[in-house]
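Report on the structure given below.
The chains carry the letters A, B and C, assigned in the order they are written, with residues numbered from 1 in each.
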Amino acid sequence: MSLLLQGVALGVLTGGLYALLASGLSLYFGVMRVVMVAHPAFLFLAAYLTYTVHTALGVDPFLALPVTVPVFFALGVAVQRLLVARLAPENVAMMSVLLTFGLALTIEGLLGTFYTGSYKSVSMEYATRSLTIGGVHLPYDKIIAFAVAALTLAVLFAVLVRSRFGQALRATIQHREAARLVGVQTERVAGYGFGVGLATAAVGGTVLALITPFFPASHWVWIGKLMAIIVVGGLGSVAGAALAAVLLGVVEGVVLVTVDATWATMMFYVFLFLTLLARPQGFFGGRLAHRF
Amino acid sequence: MRTASRGLPLLVAALAIAYPWLVPNYYLVYAGALTVMYAAMATSWNLLGGFTGYVSLGHSAFFGLGAYGTGLLVTRLDVPWAVALPVSALLVTVFAVGVGVAAVRVRGASFVIVSIALVSMMNLVVQGWRSLTGGSTGLQVPSPFPGLHRGQTHMVFFYLFLVLLGLALLSWWYVSRSRFGAGLRAIREDEDKAESLGVPTGAYKVAAFALSALFVALAGGLYALWFGSLDPIFMFSILIGSYMVLMSLLGGVRHVYGPLLGALIVAPAGEYFLIALGETQVHLAATGVLLILVVLFMPEGILSRLTRGRGGPSIPEESAGQRLEGAAR
Amino acid sequence: MTSLRTEGLTKSFGGVPAVHGATVELRDGQVNGLIGPNGSGKTTFFNLITGMIRPDSGRVLYRERDITRHAPHRIAHAGIGRTFQLCRVFPRLTVLENMLVAVRRTRLRELLAGLHDEGEAERARRWLHRMGIEHLEHAEARDLSYGQQKLLELAAVLMAEPDLVLLDEPAGGVNPALIDRIVTLVRELNAEGRTFLVVEHNMDMVMGMCDHVIVFDRGAPIAAGPPSAIRDDPRVLEAYLGV
């Protein structure tokens, strides 16, 4: 029983990071109808940059954020302006996947060239200890990861709901043409939307570096996981993605402690294919899934 | 133009058959066999991607399964290789039907995602199922031609892959001139409209998916017999799947020879990089950059460029008519 | 005999009913008009009949056979063909290929038969000839004018030999000469025994062409009858003018 609780607790903690990353994907999809396959590759890029900052300067990995977040925001704007916006309007959905897939390959190749293919990790002294509540051990690094992810998500939502930029962004997501008619510069907004998306990847990367060892090719596993989350949640539904993230995080956590890591990862794909068979549009809204 | 479109393939075929005897060393025979293998795989990929517009980045799943299926039948059950190869490919095809039923329920980008998930999943299974597959330590498959030395083996497999390529091209041609093919292309253009005209789109897509998987699985099986050593990371690598896509897009997905042309460019380039730069990750980045460039600047592929550039009279009816005539001969 | 009957057909999008309890009956061998203000659910009704979307409740019967929730291709096989509001052809296929997409039955031998199977190609050419576009056989559909595309779309639907043809705004965006041609065609095809259901905003066309007119408002029929009766029906005026 306590094993099960342990799995659930770990799952919820990891689910926070999944939710943050999945919301980034929903953001790209919302503003540009783009499925950003390179999101996890950028995530790992951020993790490696964090690793460099940490090993070269010996500082806490979170101190990398003031550098990586603005850099990634600029990168996101550049990716949207220079690449995605240039795609021929017919068949954007498909071509954008291939485009971002090419980006992911490029990033992986560069990471492999500069950092070699071996595992890297960032371990902090506080990360090795854990909090014990009622027989359930909660490692501090996972708690921190969850807290940072949750905080970032909260900031993201606050920006989307409160700020003028957020309003313009949501208007663009809901109806691009109408938004343009009322004076929203949708192209610029889309660029910033990409920037914000990649900025969340920067935060996620630092968190990731803290909780798990990584190597260049491991972003593919993350694509699989995130895409499973998005399909289960329903493409284009932010709330659905967050719910599915926590749900699948818990399933993964429980299987991880009761069976093994292979099956834990496998659960994502099992859920993915079951969802496709039972309800291709996803379980939490998102009517768009099978169209894109 | 018409003589060129009939004569050129014959010339290329003759050159291909003579190739192993024309090159000075066995390394080039090996590189040729590899190129023909990729050409066969890209052409099979195009049976799905070109006709229906469903882009699969996960076709290396079928490559890997075909290879492991053949390897396991030969090593664990002592099945002769000539039996193991088709049996394994047929099993993979049946599996592809099952996967296809789920996968083609989603369109466009979602389908791409599912295909990536498929290959990751197969990688996990084969790595995890250590007792059967040897896991990440790999699986050793004995050579089907123990009497031949390495160079001669390359030569045999060059011709085996050439036969496979021929079969894949023939299937493409056959499908392209059938009503089944017209239905598949209609799915690419407007799936709902096709359905309203009575095209059973689900069944069509699954059939194309499975047919495409069949040839890729055969390529995988041949690869297993050729190299004799399988490792899940390579066999189920996303890179092999993306090669098929890149080659097809580069050459032109709407043309029967598009993927072949793409393979003739990309595979030797890859081999060259491997020699020039050694075993680095740079080729991954190069593949990625090339894919980005093709998607941005030439999504219709080289052959579309060429045919449009040459046949470009301003009256569209005529040029279309000539094209069809050319295809019919 | 009844061709098509719907019983209490209902479909809502996000809580807003698009079609609400629509009960409609079409008699065999008639040209039926379906009119109503924008947003009254006419196209959704088409999509429900042809299986493109699934109803929340209600039934669709074709020749007394329940076809509710059948896949669109099975409904096409049952003998119902349709065109789309914004004409939909396959742009990168040639005109002849467009014609050969339509499938009446799924027989393996038929499917693997060549595109140049002369019997089918001849049948396709006859339809194209009837539409007056047989000279465009080898052109890609995207190179046709809008009017030609409309004719091609209709020809491709007729290739499947449907008994009931649903036309969604056949006169939309085409010139008066072509409208006359379409009216004549529909009349001829009807005389050969095909039943039609036509959504159209061009009242002259509807009144001149149809035997029976159904008026939709807010997702359900509010009146039905011969054109002369519909023209003077106060409920129809009310629906259109909103008084």
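In this text, a contact is a pair of C-beta atoms (placed from the backbone, for glycine too) under 8 Å apart; a residue touches a chain by one contact, two chains touch by 3 or more.
Computed from a prediction, not measured in an experiment: that's the story for all the values here.
Q: Would you kindly count the fewest steps from chain A to chain C, each step being a jump to a chain that touches the current one?
A: 2
Q: Give the label of the chain whose average Cα location is farthest from that of chain B.
A: Result for the farthest chain: C.
Q: Per the definition at the top, count C-beta pairs in contact and tell me whether A-B or B-C has more.
A: The comparison resolves to A-B.
Q: Comparing chain centres built from Cα atoms against the global Cα centre, which chain wins on proximity?
A: Of all chains shown, the one whose C-alpha centre lies nearest the global C-alpha mean is B.
Q: Could you grab the centroid distance between chain A and chain C? Build each centroid from C-alpha atoms only and quote it in angstrom.
A: 46
Q: Just give me the whole-number Å value for how far the CA centre of chain A lies from that of chain B.
A: It comes to 32 Å between the two C-alpha centres.
Q: In whole angstrom, how far does the Cα centroid of chain B sit from the Cα centroid of chain C?
A: So the centre of chain B lies 41 Å away from the centre of chain C.
Q: Tell me, which residues of chain B touch at least two other chains?
A: Expected reply: no residues.
Q: Which residues of chain A touch chain B in their complex?
A: Residues in contact with chain B: 35, 37, 83, 86-88, 91, 93-99, 101-113, 117, 216, 220-221, 223-224, 227-228, 230-231, 235, 262-263, 265-266, 268-269, 272-273, 276-277, 280, 289-292.
Q: Which part of chain B faces chain C closely enough to touch in the complex?
A: For chain B paired with chain C, touching residues are 174, 177-183, 185-186, 188-190, 192-203, 254, 316-317, 320-321, 323-325, 328.
Q: Spell out the part of chain C that touches chain B in their complex, as residue ranges.
A: Residues in contact with chain B: 50, 52, 71-73, 76-77, 81-82, 84, 88-94, 96-98, 100-104, 106, 110-117, 120, 135-140, 143, 156-157, 159-160.
Q: In the complex of these two chains, what residues of chain B are touching chain A?
A: 53, 55, 57, 99, 101-103, 105-110, 112-114, 116-118, 120-121, 124-125, 127-128, 238-239, 242, 245, 249, 280-292, 295-296, 299
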